[in-house]
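Chain naming follows the written order as A, B, C and D, and within any one chain the residues start at number 1.
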Amino acid sequence: MKKRSCVILGCSGTVGQRLIEALYPHPWFDIVDIAASQRSAGQKYKDRMRDSWYLSSDIPDEIAEMVIKPMDPKVVEEADLAFSALPSGIAKEVEPEFAKAGYVLTSNASAFRMTEDVPLIIPEINADHLQLIDIQKEQRNWPGAICTDPNCTTIGLAMVFKPIYDRFGIEEAIMNTWQAISGAGLPGVPGLLITDNVIPYISGEEEKVISEVHKILGKFEDDHIVKADFKMAATCTRVPTIDGHFETAYIKTKEPVDIEEVKKVIREFPGLDSLGLPYAPKDPLIVREEMNRPQPRLDRMAGSVPGMSVTVGRIRPGLDEKSINLCLISHNTIRGAAGAVILNAELMCVKNYV
Amino acid sequence: MKKRSCVILGCSGTVGQRLIEALYPHPWFDIVDIAASQRSAGQKYKDRMRDSWYLSSDIPDEIAEMVIKPMDPKVVEEADLAFSALPSGIAKEVEPEFAKAGYVLTSNASAFRMTEDVPLIIPEINADHLQLIDIQKEQRNWPGAICTDPNCTTIGLAMVFKPIYDRFGIEEAIMNTWQAISGAGLPGVPGLLITDNVIPYISGEEEKVISEVHKILGKFEDDHIVKADFKMAATCTRVPTIDGHFETAYIKTKEPVDIEEVKKVIREFPGLDSLGLPYAPKDPLIVREEMNRPQPRLDRMAGSVPGMSVTVGRIRPGLDEKSINLCLISHNTIRGAAGAVILNAELMCVKNYV
Amino acid sequence: MKKRSCVILGCSGTVGQRLIEALYPHPWFDIVDIAASQRSAGQKYKDRMRDSWYLSSDIPDEIAEMVIKPMDPKVVEEADLAFSALPSGIAKEVEPEFAKAGYVLTSNASAFRMTEDVPLIIPEINADHLQLIDIQKEQRNWPGAICTDPNCTTIGLAMVFKPIYDRFGIEEAIMNTWQAISGAGLPGVPGLLITDNVIPYISGEEEKVISEVHKILGKFEDDHIVKADFKMAATCTRVPTIDGHFETAYIKTKEPVDIEEVKKVIREFPGLDSLGLPYAPKDPLIVREEMNRPQPRLDRMAGSVPGMSVTVGRIRPGLDEKSINLCLISHNTIRGAAGAVILNAELMCVKNYV
Amino acid sequence: MKKRSCVILGCSGTVGQRLIEALYPHPWFDIVDIAASQRSAGQKYKDRMRDSWYLSSDIPDEIAEMVIKPMDPKVVEEADLAFSALPSGIAKEVEPEFAKAGYVLTSNASAFRMTEDVPLIIPEINADHLQLIDIQKEQRNWPGAICTDPNCTTIGLAMVFKPIYDRFGIEEAIMNTWQAISGAGLPGVPGLLITDNVIPYISGEEEKVISEVHKILGKFEDDHIVKADFKMAATCTRVPTIDGHFETAYIKTKEPVDIEEVKKVIREFPGLDSLGLPYAPKDPLIVREEMNRPQPRLDRMAGSVPGMSVTVGRIRPGLDEKSINLCLISHNTIRGAAGAVILNAELMCVKNYV
């Protein structure tokens, strides 16, 4: 694989940090530039991050010395790919500028996720939705393109729903989340407000997870996505964990379920082995049988690519023969963000969109 | 009200501590003795608690100097009442001994909660179930009696269910909990295992909350309780909060609901004002309209009697017209334990069972 | 005592919140207006605080409905007193404006603490330094005046140093702090950076505590303060506690010490009983003998006025006969901030400076 | 290197877990048996650890299936080495039994650390103290032997003291610690007592760190250790961090210091490269220049062997020219425990004591 050049937009947040940590040693990508908001632009990366770096790995020396650029394609180095970890409001303006300038964007921003001609991809589920890029480029006449990943809360859930949806159908789902602090970015949730506490609401999160799941599980037909159709209720809360979103789902299925078979279809949910993508875990879904697993601190880094697998546990019957009760945990800044846009980028490389 | 003498069984755990803090200044009760397991018996209370006292109030001097007795009615001082904060296994053996010896037990233990002739009381809901005591005394020929309170997870939920159940009927409920560390007692959950973590299972908790809710909402007919009849699924988790259980409930009702009316019946759920009980809050259920409330750290001490009210929030429609989605928080060691057995004791006093 | 009217400058931060909680029911003061930065001005207090209120008490209804004013004495209501919880940079500009406009400022800001003609007061230690106000008014020709309290880290330390300094003299001190999150205000320290962590540096804190202690323990002579003269080294860290600064001090004394006498002079450190100030605790310094006390969560609210006493523990000999090793804890947003400016205001009232 | 067989004594605690995680893939050692107290013996390791495993790596399958033996050399498999993570009281009885039975013990227990003929080793500092083993074997007539590592609090401190002691001499030291929860083992500190708190005392810890530092920095002369001779005061506290002890030290030196030279001698403190030990980090001491480092969560896994390096920061002058103020962090269950006994074992292998 010939190395692709890339830039990082939004390099100073939690997802930007994870992108730098992961892309710097990545065998397929070369970081040629980094950009962030006006507040950060002009500073050396290491100076900007002095009080904000939250990872236990050090900033790679070469990146530490880079000067952060403003988010302008005329100033940022040319590159094959732009990894975007921008806030939605800024992404809405900036990402199309970069697509017009020829960059292929692999974005973690929510700005265009639900846009009709923009793919919302989890490679193990709906790689075929990438065909929307052809439509997008034609309609918009862009040399580049925008590809998005789902919200950190959506990804784990959608991955667990997929084999259940395919095998038993889903009629209705009630979900609850216990989300980690890193999901709110930086400065994010004040320590004063989250220590010894649960915050029972995350603005916009419940709407996102519901709409995104339906698009991801949808079918590409002709030139658009026909969304999956089932009812879903969500309560999203913040708890004092650093990384790793814990979620429970009570699922009413269309067909009667046998719990051992539910475990089997989840456990056998296929990875992307044949494609040789460095960020694709061999075991996208891990099933644990212990009553007290998964736990965020113990299971967030699970999998052959640390942080890229989702761990499912307490798979048990619901209140009737057409229902399942389970819980899961996925790493919100890896599988749920930085790892997701990297995996999407890798997929686009082998599918010749980059 | 003539003062009643009382003893505390299980004085060293989290609930025992709350009992001492609350009963010492209580206008109706006099602590005449304290007892605990063999491991603690013989020690001065202050020595035993040196590394275990978790409350910010100091141990009252008089109690601090008391020597802990073993749990034997022959050794413990005679008293009108025994407040029991014993573990279930020990309660099973010890509580009947005290009832035989003439004590009226107001117990927080789970041992006899589901026993047919033992009342499981939340005074605002089912004070009439106290009639089981007459049956219990007759059947068992005890001079004393056992009255129980529900599990800390059950109480808040049952109180919020009651007005909904009465007005709209309940068909089915899906609940999730975010339980505080103090609910596990002492030593309880190791700090090493709960910091930066969620533990998705609490042994026996889910079964308890389901069976207890049905008994509490049941009707006393002739000489027994006819339990409420609806389906319920529960997932109980532990999170890094000190006090205050947060819970969500998705409730399918029998009748169509109007959300403003749901709020109204919850808000107007009556207290026990006419009885003049010191531990009965004026406002047993508090409804908050802010999206981000209730929160354990902010709302656990809510109410006219701190820690005795349950705060309900995010009351909103579910997926159809016969469903409600909401969350609540109740203080697990006050309303959910020590305060509950005190309120039950007060009720028994005014109802002449003590 | 005739009620004094007051305004609160910087009403939205952690200290501002504590001020509102404490001043609203205060028998001597009436809150007539609240002000904050441009970002907050114009909003109803309850709307501004929706996601920032960190106290378990609710905002008093009357204050909740008040509209926040900008920090301009021409717009803010006239009042006898201005309680300032402003950041230092803003205080530097705003506080003199209010003093010129006739308000007596009782300030928690660091801006003028070390200014020659501005008193830096802990009433139990150096009430006589208030005489600087006369000099200040004369020199500056202000109808109002500025009186300051020390940094939250300084207060507990200075109060414990005072009886030791008076009885044994201090040659040198090495101090370390374990500071609570609320000390950094709001948004303050991100939850992501402080959970499961210690941050070994707080900008400007070490310099402040050293210089302030010397001024507070200084002597008013003629028209100025002659500062105390001893060497002091400090390391200030942030830890994941909500409220309550824990500190250790290793003190080299001028005279040989007897540990029981050290405890005695600390324990007998006099309060301000004769003055009848509502916020003056009967027991400004509490000595605990247990090896594992004080602890922030258990001892921060100690004292006859909750949060206004400092608890000292582990008082023991150092490495030679002229040394003491001890630890202490004081509530950083009560005794260390809001309570401190209130106590200073009360002192100024009885001393006829207001 | 021919593989050595080994057994693990005390396999279920936090250090036992780290030993299993580290020794299973270790190129020099084969785990042939595991043992623990009667309470654990007879259970499969995975069953015993169901609610106690605190590491994010899974238990290796082979170990998970092993049945825990009681701590009796007649029952435990024969082996070259015994890694001991026993509590001191049990170690006192059990370790000599194993030494008599021919095992070479590399122990993390405190029982024999200060015993005259038992080496207390940090390989980078005092590898020559291993000569005590010859004396020990001769005096006691044991086919095996006992070698110990220091307390988790001592190790980081001693490593930082060593280059300072050698270059400038140490006259006196005042130290404070912020110790992680994992240092208390399991169940260890209750979550209820450490959340939102600091506990200002750890039983026995202060005495250990003081006595151990003097032995480690001592000189082997003829047949015994001549201890280092300087005065030291310690305050040891527990804070809500999971792993990684943070410590501050105020050091009075014999010679005047230049801070840049202090940094240099620390930075250049030599590793054990020439010996080829797998657990010897290239960089035993890492100096950081940022004001806000080291931090436990960011720096505990520092170094070429994760968790085996000590990170030093805020190196600055004290109150006079013969004083240094600094802070450090070391991973208490790796460099401070499991990694320490492994490194000692490796050293004994190359020095032909095993």
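The rule we apply is simple: a residue touches a chain if its C-beta (ideal position, glycine included) is under 8 Å from a C-beta of that chain, and two chains touch if they have at least 3 such contacts.
Values in this document were obtained by computation on a predicted structure and should not be read as measured data.
Participant: Report the chain whose CA-based centre is farthest from the CA-based centre of chain A.
Facilitator: C
Participant: In whole angstrom, how far does the Cα centroid of chain B sit from the Cα centroid of chain D?
Facilitator: The mean C-alpha positions of chain B and chain D differ by 46 Å.
Participant: Report the inter-chain centroid distance for chain A and chain B in whole angstrom, where each centroid is the mean of the CA atoms.
Facilitator: One centre to the other, that is 42 Å.
Participant: Where does chain C touch two or more other chains at once, residue-wise?
Facilitator: Correct list: 51, 54, 195-196, 240-242, 292, 297-298.
Participant: Using the contact definition from the top, classify how the chains connect: line, ring, star, complete or other.
Facilitator: Drawn as a graph, the chains make a fully connected set, so complete.
Participant: Name, in rising order, each residue of chain A that touches chain D in their complex.
Facilitator: Touch list, chain A to chain D: 50-51, 53-56, 195-196, 242, 290, 292, 297-301.
Participant: So in the complex, the part of chain C that touches chain D is made up of which residues?
Facilitator: Touching chain D from chain C are residues 172, 174, 176, 178, 195-201, 203, 231-233, 235, 237, 239-242, 246, 248, 250, 291-298, 313-314, 318-320, 325, 327.
Participant: Going by the contact rule at the top, pick out the chain A residues touching chain C in the complex.
Facilitator: 14, 51-52, 54, 181-182, 184, 186-196, 240-242
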